[in-house]
Structure formats: C-alpha cells, structure tokens
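Here chain A shows up in two complexes: once beside chain B, once beside chain C.
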Partner chain A sequence: MGTRRYIVGKVLQAALTLAFVMVFNFFLFRIIPGDPAALLLRGTSAFNPENVAEVRAELGLDEPLPQQFLTYITDMATLNFGESFYLRGAPVSEVIADRIWPTVLLLGTSAIASAAIGLIIGIHAGWRHGSRFDVGSLSFTLFVYAMPEFWFGILVLMAFAGGVGPFPAIFPTGGYETPGADLTGWAHVADVLNHMFLPFMVLTVSYLGEYALIMRNSLIDVMNDDFVQTARAKGIREKQVLWGHVVPNALLPTITLTLLSLGFIFGGAITIEYVFSWPGLGLLTVQAIDTKDFALLQGLFLLFSAAVIFANLIADIGYSYLDPRVRAA
Partner chain B sequence: MRRVTRIRLGAAMLLVAAVASVSLVQAALAQDQTGSEPDEKVVFTWGDTSEPTSLNPMAGYTALDFYFWTPSYHLLIDFDENFGAEPGLATEVVTSEDNMTFTYTIRDDLVWSDGVPVTAEDVAYTLNLYKDNNAYLPQNYLTLIDGDVRLLDETHIQFDSVGPTGLYNGDAPYMYDYILPKHVFEQVEAGNCPDGTDPCRPKLFENVPNVGSGPFIIEEYVVGQFVRMVRNPEWAGSEPQVDEIIYRIYRNDDALSQALQQGEIDFAYIDTPNVYNSLIDAPNIGTLVASIPSFSEIGMNTGSAYQEAEGSFVPHGDGHPALTDVTVRRAIRMAINSEELNERVMLGYGLPGDTIIPPVSLAGARYEPSGEDLIAWDLGGAAQLLEEAGYTDTDGDGVREMPAGSLEPGRPLELRYHVRTTEQTSVDAAPFVSEWLDQIGIATEVIAVTGGRLGDIINAGEYDLFSWGWYPDPDPDSALSWFKCDQRPPDGAAYGNNDSYYCNPEYDRLYLEQQLALDPDARWEVVHEMQRIYYEDAAYAVMWYDPYFQAYRSDRFTGFNPQPPPNGDLLEGWGGVSDVWLTLRPVGADEGGGGSSAEARGISPLVWAVIAGVVVIGGGVLIMRRRRVRDEDV
Partner chain C sequence: MRPTEAFGHADGPPVGVELEPTPPPEVPKSPRKIGWARRRMSARRIWRTYRKNTLGMVGLVILALFIAVAVFAPLLADKEGLEATCPCNGVPFSPPSWDFPLGTDNFGRSVLTLTIWGSRISLTIGLLATAISMLIGSVIGIVAGYYGRWPETVLMRLTDWFLVIPFLPLAIVLASILGRSMVVIIFVIGVTSWPSTARIIRAQVLSVKTRPYVERSRALGSSHWHLNTRHILPNVAPLIFANTVLTVAIAILSESTLAFLGLGDPLQISWGTILESAFAAGAASAGQWWWLIPPGLAIVFVVLSFTLCGFALDEILNPKLRRR
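Entry: the complex of A and B
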C-alpha cells in the first residue's frame, strides 16, 4: 500500500469516527432522564411553570427531537456550539476556550514530564534488569501506578500547602492564580507556576509508572533480539548499543501510549482538578454533567473525541514511518 | 566535518540557554524588586466551594449569589440584623384604607456607580422588569401586585394589589427585590448589553462589571476561580474600610481549610463538621457556628401514583402505597430521633428539627409543636400506631405487611430510601434512620445517588423516602408555598417544589389567607396552623436545622456583623446594603496598622527563573551527551 493511500485512508477513517461521535453525542446526553430547564431552577423559589417553559424555549428544548437534531448538525457544521445552559447564555466555545489553557498547561507539561522521567527510569531498569535499581524502580513505579491520584493529591496538598510536620507550607492551596494580587509579567508567570506545581507533581508522579513499566518490558524484549547480539559482536560499546540500537526500537510501543496520552490531555484530570481547585476542563465536565448542560457537554465531548482521534491519527501515521511494515499490512 | 558541526550546534544551544536563563533571572530580579513594594490595598478574601449561578439579580437564585448583591444593591425595605424591617431605598410607605394601594417614598440622595442619580424611576422600572420577565426569584414577591407599578414623580412610586394585604405596607421586608439601574437594563432589554453579553436579554445578561448603588460593585468574575468586587466611586455613605472583596472558589473543604490557615483567604464557609472541628483550635482562626433559615428532612412520597389528576398534575410513579396513609407516615416521623441525628451526624452543631419553618426566621413566624401536638421520638409508640392500624407482621420475617382493605393488602413495608452522595450528612444519617425503622417493622433499602439523579427520581415519583434540605427565606411565605398542590411535580418528568407530593386543599386555602392577612399577628396565626397541619400529616420528617460553619482569620479582620446576633451569618447574607461591608475592617486599623492584602504565595520569581535556567541547560547537556554517544557508533 502506498504511503499517500495509507494516510488518506487513515484520515478518512478519523473523519468518519468524528462524524459518528457527533451524532452519538447528541443522543447520548438526551437519553439522560430529567429536564435540564427544571434542574436549573431546582430547589429554589424561582421554580414556576412559566419560568421552566421559558428556559426550555431559550434552550431549544421545546422543539421536537428531529428538529433539535437538525439544528445541532447545522450548528456543528458551522462550528457553532451553542450557549451553555448553566452559565446562562455564555457561548460554549468561549466557556471551553477559557478552560483549555489551564488544562493544556497542567496536563501537557505533566504528560511530557511523566513520559520523559518514566522512559528514563524504564530504560535504565530494563537495561540493568535484575539489578537493585531495577527491583527498586519496579516497586516504585508499580506503587505510583496503583496509587489513587486523589489520595496522593490530598496528602501533597496537606504537606506542601498546609505544612504538616517537617514539610514546609510553601505552595498555594489551589486555583490558577492569586486573584487581586495584580501581578504582571514574570511575577504572574511565577504565580501560575506556584499554583501549578503541586498538581503538576502529583500528575507527573502518578503517570510516570505506566511509561516506566512499558519501556522496561519493551527494552527487555528488544535486548534479546538478534540485531542487538550482532551489534555487540561488532564490538560496539554497551552505551552505544543501548542508545543507538535498543532504545530506538524499544520506543515504538511507547509512541502510541504517549500520543494517546497527549490526546487525553484535553479531557483534564478531574480528581486532581478537584483537589487543587484547578479550573480546567475536567471540573467543567463535572459541572456540565451535574447540571445536564447538553450544549456544554456536546462541545466538551466533541473536543475530547476530536483530540483522541487526532492523536490516534498522528500515532498511526507516525508509526507507519517508524515501522514501514505497518503500511504494508 | 559532520561531527564538528554538531559540536558547534551544541555549543550554540548551550549559549542560547545560558543567555535565556540570565535574561529570565534579570527579569525576575526586576519583578522581585517592584513586587517587594508594600501593597496598600486592603483586600478581604473569602471562600466557599460553590459557583455563583448568576451575578444578575434577574437570574441568580442560590444563597451564594446574594453575597454579591448585598454590597451592591438596595432593597426598598431592608432586613435588619434580626430579619425585621428597616428603611432601605424607601423612606416611607403609605397604605390606602382598603389596604390595596401602596405609595412608596424613595430616597433622593443616592447615585449609581456610573454617576447617574438613583430615582423612583429606577424603582418602578425594576419592579415592572421583574414582573414582565418572570425574574427567577424577584417575581415571587410581586405576584400580588395588580397591573404595573406606577411612577408618580422623581421620589414616589405606587401600585395596587389584587386584594387587601399586609405584605407591602413596609412592616416586614417582604419584597426581596434588588433595585437595578434603569439606564443599564433598558439597554439590555433593547439588546445592547454593556458587557457584551450575546445574545443580550435581561435574564442572560451577565452583569459584570455591574452598575450598583451600594458601597461595592462587581468588577470581575472568572468562572471557576473568583469574583472580585471593588469600591463604588460614587458611594457617599459611611466609608468602607476594605478596598476590595474577593470571593475564591475552592472545590473541597480540605483545600478551603488549608487556604484559611495559610492566609490565602480571610474567611470561609465550611460544609463539613469534621473540617470545622479541625479549625477550632487552629492559631489565629476564629470560628462560629451560625443558625440560619435552613433544614434537612426525610421526605415521603405521600402518593404521587395514587392522587387524582388535577390541573397539570397526572398521577405517576410507583411510591409505596402505605405512605398514602398518614398513620404510617406519623409512625415513621415518631421513629426518627432528631436529637440523636443532630448529635451523631451534625456533631451537635445543628438544632433538632420538627416543623418546616426554622427557628431563625421572621420573629413570630415559627410554630413550635408541644404537648399533644408534639410527635416525640418513641419507637414503642410508633410500633403501636402501626399495629393498631392493622400493619402487622403476618409472616414473622420482622417486616410488617399492609392490612386488608388497604391499597395493596399483604404488601410488606419495604421502602426505598434515597440519600445524596453529594451531601455527606445525608449519607451519614441513613444507618440511624434505617435502624430505627427496622425496629418498628419497616425495612429500608438505602440507595445512594447524586443530587441531580435524585431530582429526576423525585420528579418521576419513583421513590418512597429521600433525604434532602432547603434554605427558606426568613419570611415563611416561600417555604409554605412549596407544599401547595400546584407545586407537585406534574407529569413524571417536569420539576415541582412539592417533592413529597403533599396535597391538602385546606393547606392551600390557608396559604392564600396568610398572604392576604392584614395584621401580622393574624398572619402568624394562619402560618402556625399551616405548619401544624404539615407537621401532623408528616409528609416531611425534619431531621435537623442546619448549622452554618464559619471560620475566619481573627488576626486579620474584625467588624463582622452576625445576622441574627449573636450566632448568625457573619457576612450578613440577607438584605440590601448589608452593614457588614461597612463595619468590616482590618485588625489594628484604628491604630493605623494591620490589614490584609492579596499576596501571592510560593517560590519567588527569581528562584523559578533559576530553576528554568537549570532545566534548559540541563536538558541541553543531556541531549548533547546522548547525541555524542550515538555519533560514536562505528
């Protein structure tokens, strides 16, 4: 199969998947029982039939389902994601745009850091498997892999924001920045970094385990391949065998994992955003589910799906370049 | 040749990294120096775990939203600290002899924050705006007004009521309607929102920044993060001693508690008793448990599936038929020990519950059951009630069955009991309630769901018991209105306030009677009777009246104003321009010292710059080393 044909096929496949997700999104949220209009006014003196009817009309929920679907498809085609139900009238695209940066900043940097640290640990552990470092790092990575992020987050929050025992209370307890401090320039950047550090640390530690484990196992597999023996037989130094021959081949399985992880960045990290009050897309999703904000949920899920589909597409294409056998299959 | 090029490239990279690092350090040093200047601003920062629903009084409806309106808008008749009436924007109310026409005199000494004078025109316009647009909360207090509110002149407005009533004569702060600037909302009605809200309609208008008549105005709202209020430059009343009020949104009580202890915030409302307890002995932290108008209840499905169709209501759901019998409901009420629930679940901080009007309400509004009216905790008595009504355990499995002649003879008293995962105390109460009911021969299946899901279940009538709560107004009118027949969820899908499906025509008649009562004492008599009926019919078993946990930095701020005193809401959440925003001041402010400002915590910009430099240089070195190893391959 030619490279161009392969890529076109993959792109078409991705576009079809995205179209399916768009249709699925519409029906998925509407099978949730209950009336979002009524939910908006629940438990308050604001409830009366006129108000509920008015809100339903404003949200377009008084139209027949086929009509709603047509409006939805037309809107999606014109990249109009509608208005948030809960954040009355705010355009969904703006609501999401406000939260994308904090999410990408936190999840993106921690994904890169966890991948880098995890891969390095995995490489060294795999290369010296059976050694003390391997046993120690294996225990550590298994522990952090299995550790609930939420629990770890609370401990870190108490230790480094609250200051328990010998731990100094250095960092802010939550949020993205210090409101009212009127910081600008590098001082503002440092303020954001201070707010980001603890959730970043928790996410990095929590996710490096899977990278380390996959890299270690992949490396051990590759180390027994014939070409590695050939390289050694040629008298190449061990470090060169590792970095020049073993690592590039062992990296292949981690590429999919890394790229898919990057795709999931947009989904946010709900539990960590909750613990550290980080205003990201994860918390926004929880809020949208709680309030049955169909418009916002549709926008968010489309974004999440598109990000994963795109990352998958890049992984497929990238893989085909790194391993031409994939194209031939 | 190739190798030489790479070495040059590596050296260039290191040079760039070094230059970038030095630049960052220089920038950080400059910022450190400017940042070290003392910030003179006095900022009061408070926190909670909720998001405002809207900062526009047309559309907001949660208790939290009011904290952004009390510093910014006036009411016609204000709440005093004891929920009594005190002059607000209106200085005088003249009532006609037939108690159907009301003339309000409006203050003429106030100016909106944009320099436009506040006049009676604003008042008439606002009240009509609320009426005509079904403003979520405000229109509730205007339902008895017949026709439009009329503007008489620059300082007088007038309106008629549909019947004689004592609610608008200024004796009580009934009209909970914040007065808005006409010149702003007229534009909004015309589709030109000053803040650029699009689409622009009165209830969609974000109202940020706002134009207010109080000492503070809303300057900034970042969804999910904070709301910032600043001084109103046109405010001519007593000068506030705080420059800014910032509300910060946290997502959990642990973070909120840590933020308070570390000085990121100066005041916090806490939800959970355990977190509150952890703050009691913390240094520099003051704590207060407030009593506010609020209660938590076990609601019972009094017959959503068995009641007759009426108006928009059609029977729906599958509630247990035994709960249509008031004897069974009274037995359940009798088996629930409110005092123990308060002690064990609320750690003694709440008050044992009975009727639907909490102890903290307008003076005289509450009915306290006593003597024969009191349904005291009595497991033996509850079992006896059931026994005498024919609910006996015929098969000896410990669960009673419905008697012959009932809706479903022989059906065991096995009830679904829904609790909310989103409210820990709701979950915590379940084992106690289940155990007590078990002891009187009623089995329960505890089902934990989110608040949103439980709302759907209630609307569908597919429950037997549920646990939830309310925050009523200080005036009992709204709380009493929730349990009228026309407030039942109508059709299995749509929402209704009357979540126990209670329907009693006598109760509905009394509701109207209390609205039209002229004399406060006569009104309270009717209000008491309504509470007695609802209590005796046991559609709700009120478990407790909720505490309001408050904690603050005692080393930073003083001048809180509990409403009602001495153990009320320290930030005086009910009313128009609350006094607390004028009395709140930094500790030591009288001596020219003290104060609090929004200070950033964490590592200094300089250290971050150094870290960034180390990471860049370290990364560069690492990459170079790896390349060198690879290049040495033969």
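Entry: the complex of A and C
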C-alpha cells in the first residue's frame, strides 16, 4: 500500500525533474545574448544577413515564443532533437544512437569494477580504521581526487601506449578496434578489449577511491550501533560480525550514493574518451564542441541528464525495497 | 554526490577536535570594540587548533608557496616568454636543459615560464568562480532556511534539480553557447557549483534560527534584515568559509577540465590550456613528458592543498563533525 504510493511519488518527482531540465534546455538556447542563428553561422563563410534569416526560419526562431515552445515539446516527445549541423545534417537521435554502445560498454564495466573494488577496499579500511591500510587508502583517495582524470589518462597513455623511458608500449594509442583489420568473432572481441583496457583502467582507478571512502565512513557509522555489540556478545566470530551484520547495513547508503554518482562519472567519461579517442558519446561531445554543433550538444545534454534522473529513480526505488523504513517515512 | 560530500567526515568518529579554552579578556570600552575583541579572540583560538592539524598545515604551506609564485610571477619569469614570437624562445619541443629547466613547447616557449604564469589565471578563475558559487549558495541557503514555508519549498526544489543535472555536460553547453573567454568560464563554474553549498548552509540556518538568542532578538522586535545579518549570518559564516576553501579546489579542477575540452580563453594561459595545447599538439604520443607533467602536477598540488586546508577547517568549524 505504502509502497505503491512511495513509488508513484518518486516517479512523479523524476518526471517533474525531467520536465524542468527540458524547459531549462529550451530557454538556455533562447535567452542567451545575441541571435542563436548568428551564433551558428559565426566564423563560417556563410555568415551574412540572408543566411542568418534563412537559418532563423529553418530553426523556427522567427515564430512567437509560445509556438516555439509547443514545437519544442512535440519534438522532444517524438525524440526529434533536430539535425546535427556539421555531421551533414544527420538526425541528432541517429548520431547519438550510433555512438551510445561504446560508452555503455566502457562506463558500465568500469563503474561496476570501481564500485566492486572500492567497496572491498572500503570494508577493509573501515573495519580496521586507523590501520596502515586505512591511512594508505585514504591518502590514495585524496591524491586521485586532486588529479584531473584526463591528466591521469594522458600519463597512462604516454607510458603504456607511447612507451616513454622504461615503459613498454604494449597497448594501442586509442580507438575502438584496429582500423581495417576486419576481425570477426573472438578475435574482434579480443581486439576491442585490448583497446578498452587503458581507458577502462583509468576510469576504474579514478573512481574507486570515492566508493571506498563512502563505504568506509558508512561502515564506521554502523560499527558503533548496538546490534553489533549484541552480535559480538552472542560470541559469533569477528568475520561473521563483519560480513553478516555490519556490511549488509553499511551497504544501504552506499548503494544509493553509488547510483547517484553516475552524473559525476559522465564528466570523467567525456575527457577520458577524448584522451583515448574512444568513439562514444564523450568523444562525440568533444567533437560537437569543436564544430559548434549546438543541436548535438543539447541532445547529448538532455540524454546525460535523463540518464542521471533515471539512475536516481532506480536508486530511490531500490532503496525502498532494501530498507522498508524509507517507505514508511 | 559532489566530492566534498563524499569526503564529509574523512577521519570518521571519534574526531573530537576540542577548541581550547581561552584566558579571560580585559574589558574593552565600547560595544563595537567588544565585538572586535571577540572576533580576534575566536580567530586566535581557531588558529591555535588549526596549527595542531598536521595535514592542514601541510596544505597551508603548499598553498602559500603557490600563492607566492602567482603573486611574484614577474620576478620569477619574464612575461615576454609567453609570446610565441619572443626572441627568448628556444628550439621547439626540446627536453629540459640548463636554459629551459622544464623544456619547451611547440613554439619553443619555456614550460617553466608558462606554468608560473599559468598559476595566476588558474588561481584567479578558481577564486572568482568560488566567490560566485558561494554568493548564490549562501543566499539561497539562508533565504530557504530562514523564511521556510513556500520560499523554502521552491528554492530547495530548484537546488535539487540543479544537483541532478550533471555538472560537466551543463557547463559544456553553457560555455559553448556563451563563447570562449575567462569571464564566461568563471560565470559557468560559479553558476553550476552552488547547489551542495546551498544545502549545507540551509541545514545550518535551520539549526541556528531556533536558538534562544535569535528568539530573544525577534521578541525584542528585530527586523528580518537585522536577524539575518547580525545573528544568522555570523553563525553560519564559519561553515561558509570552510566550504569555500573546498569549493576552490573543485573550481580549479573544473577550469582545467573545461580548458582541456577546448572551452578555455584562447588568450589566457592557464594550467588547463597548457595541457590542452600540449595534448592537441600530440605531446602524449611523442613522449614529451616535460610539457605535460609540470602543469598537471601544479593542478594536483594546488587542489590537494585546498582540500587539506578545507578538511582541517571543516573539522574545526563544522559543528556536525566537532560534536563527535
């Protein structure tokens, strides 16, 4: 009973947030100083009044604002994000669909790997906080946090793909697969994995510290709870206290925070895909910046936002199943 | 989740930083003097506690070093060296040598000179963007926390929305629409990084406004303005300060990322734009490590120092952490 109301409430909230992002996106492009049509043509040879007027008409910018908004909403509902300006007028939704798989593959695997490794490090660090392992993992987290991911990526690229000094150049310098090799079956899979290894490693290392820290703090909070004392008083082994009583309770807030950090990971993905020329949405974003392809940029922005909102919704709903107290509140 | 929140209580309980008791002060003459004497006293007390925090002191020393480099840049390196056409330039892409301790870039400019002067732009952008972010975050946090009811609902909804929008994609869209300039970068980082501050400040205002001295002041007929500026703000200020220091670290990181993606000011040299031009010129595949490592290390150390100072201050000033 309460569950259904809770879920409906959360879904409505997510829908409202998505609506806000869309309205925000609409105005972002329209209340900016200057003429968007002129902005599109600025710096190109086609920059003259007639062309500007033509582009205005094409983009529907000469219509009244409410009419524009209506068109915009209809377009959004039918997943029509306009045409990519520089990719020869290809529809934005198709361009994005073409590039989504490499990003899902890279981000998905590295997010899972960094969460898994991070949680294990966090559990060990928190269980013996103050130990050398704990201090070591904290310092590592602090250092990695201070490092721009792209710089870390460049260093790794230089060392293991460029081969500087004593480092062997054992990995390809970038891309998704060996161009022109036309591999199939397992050979193709191995080729892609070989290309994926470096960006995967950089992303995983960049984010596992954060997960470790969240898990560690959550574990330390739980360790002071009464039920842990009770478990110990019953005389069960320490290992069982940790894995049977402390970890399951400490995992709850960590799972939420892990899903919530997705928006954060997108940021890293954009720069890392660029560094390793991984042909996903991140590299597409950088190409859109370079070519001033606003329609494409906005489509990507909406997609990234929608993904984060969706992840938040999943986190909220999942949490309510893991911890029934949330639904009651 | 923003990194500052993730690092919330890095040391875990029991932290227990106790502020030291202070000797009884001499009695000053006027109310204004009393106020200042009290402020001086609490500043001294905070400093005494801060000094015992080793990591905080390490951060402060590194930070002082970088600020000194930024301030005295003209004494350390000739500004001429930033010009691509300067006769003082060496052979392009040369590794470190006696004349160019950190080697040269694609124009033959000294990487050391670039890094020294880059500190000015990077720090300026970091500090100004943080100022904007703090202003927005504090005003929204205080208004929402103090007035409650519908202003709170509206403002917190807005804050939650902005928290959800992924930071970098939003900053990219804004920066590419508004064009490439330093002012735009500062503005973009400022207006995209305030939500977590607003939430922290609001929580603190909620706790401050129910305290007896605020109630008494209200009973005596104080205006909203008086209550906010005399009672609420001074009590939230320490938290704002600690948060500011942590936000500068994020702002500097954000600047380097935006610059690296080609959204930096093409006329100003920051650590981020050095890295961008180095990567675009193929320094990574050519193995020109001297061009890539110095600006990157500078970013790491500055961000690290701000973070360490921020944690130390947070531990002293944040009542939530002190309590334990």
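By our rule, the second predicted complex is superposed on the first by the 276 of 329 C-alpha atoms of A that agree within 3 Å, B and C clash if a C-alpha of one lies under 4 Å from a C-alpha of the other, contacts with A are read in each partner's own complex, and residues count from 1 in each chain.
Convention: a residue touches a chain if its C-beta (ideal position, glycine included) is under 8 Å from a C-beta of that chain, and two chains touch if they have at least 3 such contacts.
Please read all numbers here as calculations on a predicted model, not as lab measurements.
Engineer: Looking at the overlay, what does A:Phe171 touch: chain B (first), chain C (second), both, or neither?
Structural biologist: In the superposition, A:Phe171 touches chain B alone.
Engineer: Please work out whether A:Ser277 is in contact with chain B alone, chain C alone, both, or neither, and reply first, second, both or neither.
Structural biologist: Only chain B; A:Ser277 stays clear of chain C.
Engineer: Once chain A of both complexes is superposed, is A:Asp290 in touch with chain B (first), chain C (second), both, or neither?
Structural biologist: both
Engineer: Mind working out whether A:His129 is in touch with chain B, chain C, both or neither, as first, second, both or neither?
Structural biologist: After superposition on chain A, A:His129 lies in contact with chain C alone.
Engineer: Tell me which of chain B and chain C touches more residues of chain A.
Structural biologist: B
Engineer: Which partner chains sit in contact with A:Ile154 here, chain B, chain C, both or neither? Use first/second/both/neither.
Structural biologist: A:Ile154: touches chain B and chain C.
Engineer: If we overlay the two complexes on their shared chain A, which of chain B and chain C does A:Asp316 touch? Say first, second, both or neither.
Structural biologist: It touches nothing on chain B or chain C.
Engineer: On chain A, which stretch or stretches are contacted by chain B in one complex as well as by chain C in the other?
Structural biologist: Residues 33, 39, 154, 157-158, 161-163, 173, 274-275, 289-290, 292, which sit in both footprints.
Engineer: For the complex, which residues does chain A have touching chain B?
Structural biologist: Chain A residues touching chain B: 33-35, 38-39, 41-52, 54, 58, 83, 86-91, 95, 98-99, 154, 157-158, 161-163, 169-183, 185-187, 189-191, 193-195, 197, 234-237, 239-240, 243-244, 273-277, 279, 283-284, 287, 289-292.
Engineer: Spell out the part of chain B that touches chain A in their complex, as residue ranges.
Structural biologist: Spelled out, the residues of chain B in touch with chain A are 24, 27-28, 30-32, 34-35, 39, 41, 43, 45, 51, 53-54, 59, 61-62, 134, 136-137, 140, 197-199, 201, 203-206, 222-226, 228, 244, 246, 248-252, 254-256, 258-259, 261-262, 264, 312, 450-452, 455-456, 459-460, 468, 470, 473, 478, 481, 487, 490, 493-497, 597-605, 608-609, 626, 629-630, 632-634.
Engineer: Would you mind writing out the residues of chain A in touch with chain C in their complex?
Structural biologist: My answer: residues 17, 20-21, 24, 28-29, 32-33, 39, 126, 129, 138, 142-143, 145-148, 150-151, 154-155, 157-158, 161-164, 173, 210, 213-214, 216-217, 220-221, 224, 257, 260-261, 263-264, 266-267, 270-271, 274-275, 285-286, 289-290, 292, 294, 297-298, 300-301, 304-305, 308-309, 312.
Engineer: Can you check the complex and tell me which residues of chain C touch chain A?
Structural biologist: Within the complex, chain C touches chain A at residues 1-3, 6-10, 12-13, 160-161, 164-170, 172-174, 176-178, 249, 253, 256-257, 260-263, 275, 279, 284-287, 289, 292-293, 296, 299-301, 303-304, 307-308.
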